[in-house]
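Structures are listed in the sections that come next.
Same chain, two partners: chain A is paired with chain B first, then with chain C.
The block that comes next holds the complex of A and B.
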């Protein structure tokens, strides 16, 4: 299997930071706020590998830094330290040192190679334009400027994600939460990205809708062979989607491995508590 | 301004062109920068002028910085030389720049300050057109933060502007921007070409004259240099369309005054039951066409 993403030593500090930050935060000291300077260490020394077509889960409680990792990888925020190499799936010869690129190159990579589905559709969708317009925006970003083609692609994508095509010219404002999430997925998939980030996609949806969204994600993964990083605090989602899982606490990866292994035989005390509480 | 008003006779108080020499130098530098980076909105320190912002102060500062005593100035407002705004501005420049000539004939002018029209008579390499701009940034429609707009301009990220066009096509089957049509200059920056009608946008493309755009309130100067590409933002399969002035039967309307069928027409709604009149918006062009026509009828008679 070809490796498409390799992250090494990713750290993100909110605040000015000090030399003692990393030593005085973490699961051992039970905090992610540095007592010396008050900065928040949202992620420290996170390393991960992602292979083509694989789904990697990142699990942890609120504030553990899992969303921060994904936001950094999608260039929503800039990391404080660390390195990430993205290799193109086709021949793996083309490599991007993601955090060393300039803003325009990062934007290109983000528009052409990555997709993101946020927990809150307000972040991923523009509610002032129609559902089709949201997909059009993404296609226009990747330099497709043929109106007929954009229209056709948007129609196909919405049909694929089971949004009524008749409603494609309505604002997503008028849609239910599940529908909005489907539009977001359609938008993220518009450019057929090799890498998709899913940040708490099913949180806040009712159970039957959750199940259908998860089904859709799995189907897409099989169809398009898209690699995904799934961030969630829901063990059920991890169990269903992810082949491998990282467990994070206070910005650190405390355990990683095959999902089955982690859920059946957790090693770290925190993971044990997490798994026990869910069962 | 009162027509009897005269500037103080003390020459030291006001320099030629009202603006002090430092102000003119700053504006000229910004103009040079704007020409060097076609379409880039160059910030400048817009001065207080003796008229309200929004009355053409941006264009006026550009004009006053460029004008010399051997220049011939034409000032137009929506195509007309004789509307209040044009007359006041012309009078102000005459007062503050002793020795300059003014004209209403497009081909005689070396410097043309215009509010929202490009003259119908083709401009030449020897002419400079200054347009007054209320809103310089086309991205203001889709992005309220100026900091982010600057980044978007820098990266050439205009996808959200195109999304607006997409939405127009979806809802109305055509693009509904009547004026201020976003136009890409020299393949990169997209400008707001001031509120000129769509009809005038193709005139910016490979224009022989230098076109300078000045926004006084927003403190920006930008330029379309001579022989530079100016392409309206469109989709590959939806061509740019200008106003056609066809009537219900598909026939091109003619100017009710001079009979021209190749000019931008103003729709003049009459009182009572009288039918709507259509007349050239460019008063100088209309006068010239009318004179030609009258000369022709005289010859024929």
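The block that comes next holds the complex of A and C.
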């Protein structure tokens, strides 16, 4: 199994930061706000490895920093410190030192190699263009420009994610929450990225809709062998999707392991409480 | 012949932070499992028999001890120390686990649940389904259930699905946790037959059986676990 992503010491501070930030925040002191300068330490010293075709879960409560990690890795935000190496699946000799790249190279990597599905469809979709147009946008960014070809790919993708193809020319504004997530997934998959980030994709949806979206994600993972980082506070999603799991609190990874071990034999007091609180 | 698995001084206890308690489970377990042989774990309830299997599969993190596993190429891995990726690889290729209760992906037909381990190894869908049908037939699972998700199945039916899934990939090491606990006598006979078959194929097994009679009929080696030490003694051992 080839390593596709290696993250070392990723940190993100919101605010001006001070030399005391890291020592004054974290699970031991029960806060992520530095008492000296008021900065928020959203993530500190996060390290992880991801192999090809593997699903890694990041679990934690709101504010634990789990979304910050994927936002940094998708270049939505720039980290305060840390390193991330992306290795290409087809030739693992090709490596990108992600945070050392210039903006244009980062955009290229994001458009050609990564995909992201956000909890809030407004972040992932352009509501001023049609569902099909959203997918076309992504295909255009990855250098596919033949109109007929784009339209055909968009049709296939929407059919694959079970969106009514008859509605591909409507704005996703008019779609239900579950349908919007499906369009987001179709858009993220348009370029068949080797690496997909999923940030709370089923939060706030009906249970039956959640189930169908999770099934879809699993099917796609098996078909395309996509590596994924799944961020969620939902233990059920972790259990269903992830082979390995990181648990975060106040910006730190407090525990990591095989998912069944995290759920059946959690080591950290916080994880034990989290697992015991599952409905 | 060299054993496939050598467990030495394995102990497991659970530290519950919220309750501030240390719960002892298995302690100082020694055992071996070899190709084509079945090692049975016996002992009273609470002696930690299931914990031993879960430690080997790394669903539990062992508290101390070594679990040396020898793979097909002769490489030795201490399962207590192995990386998560190495464990996932071994679970996919080498080590199977028939747990006491069926845990499977929801909304998948029984046939697909049974196929899973083969599909994960890269066997073509139709070929794995063929093998799954064969096993479900051997285990007396009525054909009308094959296309239905096991969620609504009876205890015995679920157990047979679980067994079929464990047997289908012919692991090198198979962990069995009371695989016949809720089966009727005729199905139990079928299971005994299947276990004997895979034994002759060279699968090493580490098993817990509900009935002493099964231990007698199937085990080549018996390891008896005793009730764990009192918590105070564990604490002493830890601090000394």
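The rule we apply is simple: the second predicted complex is superposed on the first by the 278 of 279 C-alpha atoms of A that agree within 3 Å, B and C clash if a C-alpha of one lies under 4 Å from a C-alpha of the other, contacts with A are read in each partner's own complex, and residues count from 1 in each chain.
Just so we're on the same page, a contact is a pair of C-beta atoms (placed from the backbone, for glycine too) under 8 Å apart; a residue touches a chain by one contact, two chains touch by 3 or more.
All values reported here derive from a predicted model rather than from experimental measurement.
Contact with chain C, but none with chain B, is seen for A:211 once the two complexes are overlaid on the shared chain. Once chain A of one complex is fitted onto chain A of the other, the partner contacts of A:258 are limited to chain C, with no touch recorded for chain B. By the document's definition of touching, of the two partners only chain C reaches A:240; chain B does not. The wider contact with chain A, measured as residues touched, comes from C rather than the other of chain B and chain C.
In the superposition on chain A, A:133 contacts chain B only, with no contact to chain C. Contacts of A:273 after superposition on the shared chain: chain C is touched, whereas chain B is not. In the overlay built on the shared chain, the residue A:148 is in contact with chain B alone; chain C does not reach it. Of all residues in chain A, those touching chain C in their complex are 1, 49, 51, 54, 211, 215, 218, 222, 240, 243-244, 256-258, 260-261, 264-265, 267-269, 272-273, 276. Of all residues in chain A, those touching chain B in their complex are 103-104, 107, 126, 129-130, 132-133, 136-137, 140-141, 145-150, 169. Those residues of chain C that touch chain A in the shared complex are 14-18, 54, 58-61, 84-85, 87-89, 105-107, 119. In the complex of the two chains, the chain B residues touching chain A come out as 151, 154-157, 159-160, 162-164, 166-167, 169-171, 235-238.
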